[in-house]
Amino acid sequence: MSHANNQAEKIKAISGVNPLKCMKCGKCSATCPAFNEMDIKPHQFVSYVQNGDIEALANSKSLWKCLSCFACVERCPRDVQPGRLIDAARQIVVRTKGQTGLAPEEIPELLDSEVPQQLLVSAFRRYRR
Amino acid sequence: MYKIAKENLPALFQLIAEDKELYVPVNNGGQVNFANWTESSQVDLDTLKSVKSPKDAFFPQSENLYTCYKDGKKIQIEPEELQNQNFVVFGMKACDVKGVEVLDKVFLVEPVDTFYAARRAHGTIVAMACHEPEETCFCKVFGIDCANPVADVATWMVEGELYWKALTEKGEALTAAVASLLTDADEAKVEEEKNAIHAIVEKLPYTNLSLEGWNGDVLSEKFDSPVWEELYKPCLACGTCTFVCPTCQCYDIKDYDTGHGIKRYRCWDSCMYSDFTMMAHGNNRTSQLQRFRQRFMHKLVYFPANNDGMYSCVGCGRCVEKCPSSLNIVKVIKAFEKQGGDQ
Amino acid sequence: MQRIGVFVCHCGSNIAATVDVKKVVEMVQMEPGVVHAEDYQYMCSEAGQAKIAAAIHEKNLTGIVVCSCSPRMHETTFRTAAERAGLNPYMVEIANLREHCSWIHKDMEEATKKAVILARAAIAKVNLNTPLKPGESLVTKRALVIGGGIAGIQTAIDIADAGYEVDIVEKTPSIGGRMSQLDKTFPTLDCSACILTPKMVEAASHEKITIYTYSEVDKVSGFVGDFTVDIRKKARSVDATKCTGCGVCQEKCPSKKAPSEFNRGLNTRSAIYTPFAQAIPNVPVIDRDACMKFQTGKCGVCEKVCQAGAIDYTQKDEIVTQKYGAIVVATGFDTIKLDNYDEYAYSQSKDVITSLELERIMNAAGPTKGHLERLSDGKHPHEIVFIQCVGSRCSDDRGKSYCSKICCMYTAKHAMLIRDKYPDVNVTVFYIDVRTPGKNFDEFYRRAVEEYGVNYIKGQVGKVIPQPDGKLLVQGSDLLDNKQILKEADMVVLATAIEPEASVRKIATMLTASIDTNNFLTEAHPKLRPVESPTAGVFLSGVCQGPKDIPETVAQAGAAAVKAIGLLAKDKLMTNPCTAKADELMCNGCSTCANVCPYGAISYEEKEINDHGIREVRRVAVVNNALCQGCGACTVACPSGSMDLQGFSNRQIIAEVDAICR
Amino acid sequence: MQELITRAKELLENGTVARVLGWKAGDLPYNPEPAYFTNAEELKDFVYNGFCGANLSKYMIEASKLEGKTLVCLKPCDTYSFNQLLKEHRVDREKAYIVGVGCKGKLNIEKVKSFGIKGIESVFGAEMTDNADTLTFQTIYGEKTCSYAEAMLERCHVCKGKEHVIYDELIGESKDTKDAERFAEVEKIEAMSPEEKFAFFQKELSKCIRCNACRNVCPACSCRKCVFDSTKFDSAQKANVDSFEEKMFHIIRAFHVAGRCTDCGECSRVCPQGIPLHLFNRKFIKDINELYGEFQAGADAETKGPLTNFTFDDAEPSIVANR
Amino acid sequence: MSIKNEEFRPKIVAFCCNWCSYAGADLAGSSRLAYPADVKIIRVPCSCRVNPMFILRAFEKGADGVILCGCHPGDCHYSTGNYYARRRMTLLFSMLDYIGVENGRTRVEWVSAAEGVKFSQTMNEFVEKIRSLGENVRLGDLRCKN
């Protein structure tokens, strides 16, 4: 329990989001382009963090389905910004997994000039920190 | 006549301070003023004039007179102790010494000011000749010889050596007390120094200022002169001139509530201030013109009228240097001279 | 020197159990000025008060200190007691030995010591007290109501019925306000016009009410009971005394392209117009920006067709100056701009509308003559989606942080009316919460769901996407089903947040009435004085104070009227004597004090001053005692210390400080 | 200067002004005094040179009470003080004919003397037309020189610029003499430990003789009766009896002029004990600039001063401990 | 709880505005929320009534700490008083810091009429702070010391 609390605190600290501000309007889920791919929906993310159930979040598909388009961040009327919470949860997972990802110098040769910049940025958001 | 090398002065001060309080010109934050000597004091004998005159040594800017406090329902009064320790003021200039003489005329006549008298009795003045008088000096106008200070001890700084000559009994006593540090000297060098100083004094711009027409007889003529109307205008009504002056002697008496008693103290006052001599009915000088006139009439007319012609200005020139509006007693004297000439 | 009596209260054991009251009595007797000291069980009791009165008489007391409970509790009690005994009530000071001492300390010695110090501070203060007398000011028996909506109308009628003159200032050409734009009202569904119009007529025909429409408040000076107000009557270009209201001018006016404000810009009106048929007064105005005569100099049709010769192109703004005793602000609301809510496609599609626009569409006098149709193509809609909380309850800077309060109910009303009139239309409401506190409100909402089959979905809409075929694709979430919903709609109605009418800022500044961060006027107290502004003599009616529905608005309008009547009923006002006072001899006339005065109580006079024999004319500060509330901001702003506060003077406070630090 | 005198004569003759407020040559080469001139004859004593540091704006309080207009010579920095006085209704714009005089930095005779230059008989290089980088002094003790810039008043090193913010006409060229950071000294103190700060001010303030020159010269300290002279706060003092009193006096004085002080530097110029009094005022100016937005008192005569103004989200006082 | 003689007992002056903080102190009292007796409260109509001279005066006469309590910004009974007080105190405290007076001898706290707990807590904290700073020697008049 205390571990879970700890994790939740971390997420709050990383994201700078106070999940208690959520009024449960569901606009995040309403606006999410990846909604149907997600097992835990964006609005549920908020209550998971509120309730400290980080384990479930960490193991969810949603974590990796979020496109980091930040539509929810943009439209959230309460500044709760589920996108940031998801982002923070990812970081926690990535951090605990250790440094198995790409080294920065390996990236340039893997790049395709056709790939839009935005995709790259969101890929970074999702997978490395 | 004795002498002591300049580098031995700290030892001299040390010796004097063993059983006496010692006041010397000290540089504190870039300004030289007389202050209690301690080993860490930055003594400055080269600066001609301290900002404030050394009159504080005898007539401090503020001093407690007595304390009263409540003891149950009774009120107890505890007078402040009078000066009972000997002290030495070292490095006063001829004008400042003369300034003390002016204060004596005020405080030592009946009723004697016991606080002042006690300090005078316990104080020994070691005066120093002015090595390089400045353009603001005009002591000669008041018959003061800055090369020949008249005090308990007179000293001259010549070529790194301080020549020392006791002039009074008190001076002899002090000389005896520090004799171990003094060596005999001849007066030739000092005479040379005096001549050099006199030569400089002759070149000073104010040296030949004339006091003609200033004495007690001209009271109403001066008082009613239209010249004041023009003179006072730039005056800011601050008290700088009075507070740096070696002869200004006015004070106010005030009470301070410490929460567990009342301290009655006196502090310098300035006739330039609007609340000077404020009484229940108000003030008898309501305009700055009147206040401004008061200061100079006092120094040049009222005081000499009551003190056998002794002016209460000694020509130290501090007010000339420090007035924020560049007003001063010299300008006043000159303005009247000019007016007289014009008529 | 004062002759001070000190009265130490035991407050039963409340004080006496922790503070050695006998010791306090003994100690305070040593204090300067104290000629009498005693203790008693309950000083506030009749017997206790009698003791105080007796001591005042016997010892010729000029000041008293009561060491008891908080002055917030019994200061008035003891002041009154002193006054009855012939002592000026402001010669009483309280040392708070209960709340600030005995109740928070346990150690008797320590508490007693502190009690003595608190008593000393009060004694030190009372030594410097001076008798104070409340001032008096006359009350002008006339009220001004700013805003002619239902709030303003109701307040005006209530005040007028009590027998006082009332002026209504309304900036649009007609009274009626927002309510006149509504079609039906919840929860009874009666027709808005049917209940409002009689009120408008009543106000217009009331002998005590004067209505200034197309007018604005230009300047306010003065203070409670004695305001002077400049009202700017904007040039109507129509002589109201001649106009018969026949309407021919409006018919004949060739310029009909100006958007109709009354219909929220959904259609147009003529350049000479009355906003709506039942307008009061039924006198048109010429919109000079839209009028060809004013813009090009060529036209003059209205003048030609007017039988009454009422058209006057040369009319100018006119300033009416009037005195008032009370001012009621009833400036109402508007809907917020939706520029920040691109996701709802309001600016992209004509078929995304606000609820207020829907009101006009539903209204028989509206742009569609009451037919529910899409504004883009005039087609009958089959699927309508309502989105709640658009711009309300937002903590970001796009919208408003508060709940607009009325949306849940009017949306239920709209849904119900549509389902009732057009059973073929499906109505879906996306909501976050449905808030229905109010008499018969929840029942009303439940009827919408249960009887009219309105589909309520808990979840917010993320975006509205206009489709090439003219449909609107609504993407929302259904939180209960945990689904994202995509719904094709023909119309989308946004429950747009309401905000105070923009003009209220200027009015608040003129009145020196405070305003909160959302531009709602602040109450004097949020619970106990909800219809008064902190500025004396200014009252709040309707939505200018906070979101409200019609019944609440009318209730508050009545309450504001009662408060205003209460004020107007007085001939004179007693003013708090603890006001600021400038020492003329020392005043620099620098205006610093006036700059910080929240009440505009300080003005300047050129006055001949005799300063110890020097006579000269000086600019000096003068405090209006009726306006000054005694905060003391000016006293600290004043560098010379010329401005002081009676009852809390510099020397009094310093005496307290000294006594405490002793 | 000649242009100034010619113009003054003209304005006196054609009746535009009733008097001229400027500087009169002193009896030493460096002590001109503020003076009124009412005719061409008197104007022969008019002088305007590097030693005319006095800010004449405060004299306009009294001059505003006189019949007719007063021609007042104001340097660029003096005009700020005039504006501030105007804002506070202490001077009458209608009674002033402001000639904005050029300024190339004003000299501090104390500074000159601190270079060991004494017995001064005459000075070269201080006239406006001299344009000299070096001052040459003929003294009883021989010819001495010093750099003009080094002999300038502290305020000229942080010059506010050549612009006159209010005037009727301009005469003479100005030079921006700024060669130091305005807040450098304040920052230096801010960086000290509390003990060092305390020691610094204790040392400086211990010199104070309560002559009130700083207060009486200050254009912002224009109160008819100062709180330290009145009974309003039981705070009247005439001399520093205890080290607390000079602190009380200087803190409160600085506080009373906070947001009104134009940083004209007169307090430091006139202090007979050379106390850098501007450090108090400038600290407030710096704080005001940092906390409430840049503010220059006297830049105009309308803007609300920072202490008679506020915003809803001003810094809390606790910011002092957390900075 | 008896007082040890050698323990440093600071003198603390608390200025409280009549409408919020004084009432908050009353609430602390009626809720029996203890704070040290070193704190003595002076009632002022509004925090904006507190002149910097009062604060310096308190120090002059021997206070070791001075705290000013007023309504929360936005809640001022006189609508704007505490905004002025906030600026004045910020500048004054900054000046005290600048001349070397220990940080923490002065404080401003906004306490509403409902915040009895906050009042008590604030006073406890403040007294603790002043005790840790010790006697005020930098800003007092020596004549007032016993």
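Should a chain be cited, it is by its letter among A, B, C, D and E, assigned in written order, with residues numbered from 1 in that chain.
Note that in this section a residue touches a chain if its C-beta (ideal position, glycine included) is under 8 Å from a C-beta of that chain, and two chains touch if they have at least 3 such contacts.
Given the structure is predicted, the values throughout are model-derived calculations rather than measurements.
Within the contact network of the assembly, the step distance from subunit A to subunit D comes to 2. For the remaining chains, with subunit A not counted, a single touching-connected piece is obtained. Once CA atoms are averaged chain by chain and compared with the all-protein CA average, the nearest chain turns out to be E. The most distant chain from subunit B, with centres taken as the mean of CA atoms, is A.
More inter-chain C-beta contacts link the pair B-D than the other of B-D and B-E. If you average the Cα atoms of subunit A and of subunit C, the two centres end up 45 Å apart.
If you average the CA atoms of subunit A and of subunit B, the two centres end up 82 Å from each other. Here the spacing of subunit C and subunit D, counted between their Cα centres, is 48 Å. In this assembly, the C-alpha centroid of subunit D lies 37 Å from the C-alpha centroid of subunit E. Multi-chain contact residues of subunit A (touching two or more other chains) are absent. The residues of subunit B that reach two or more other chains are 256, 259-260, listed in rising order.
Among the residues of subunit D, those touching two or more other chains are numbered 225, 227, 233, 241, 307-309, 312. Chains touching one another form the pairs A-C, B-C, B-D, B-E, C-D, C-E, D-E. By the touch criterion given at the top, residues 517, 583, 585-592, 595-596, 604, 611, 616, 619, 637, 639-642, 644, 650-651, 654 of subunit C touch subunit D in their complex. Subunit E contributes residues 61-62, 141, 143-144, 146 to its touches with subunit B in the complex. Contact residues of subunit E toward subunit C in the complex are 1-3, 11, 13, 18, 22-23, 25-26, 28-30, 32-35, 37, 40-46, 48-54, 57-58, 61-63, 74, 77-81, 84, 88, 120, 144.
Interface of subunit B with subunit C (complex): residues 70, 72-73, 257, 259-260, 282-283, 286-287. On subunit C, the positions that touch subunit A within their shared complex are 343, 389, 393-396, 398-399, 432-433, 458-463, 475-479, 482, 484-485.
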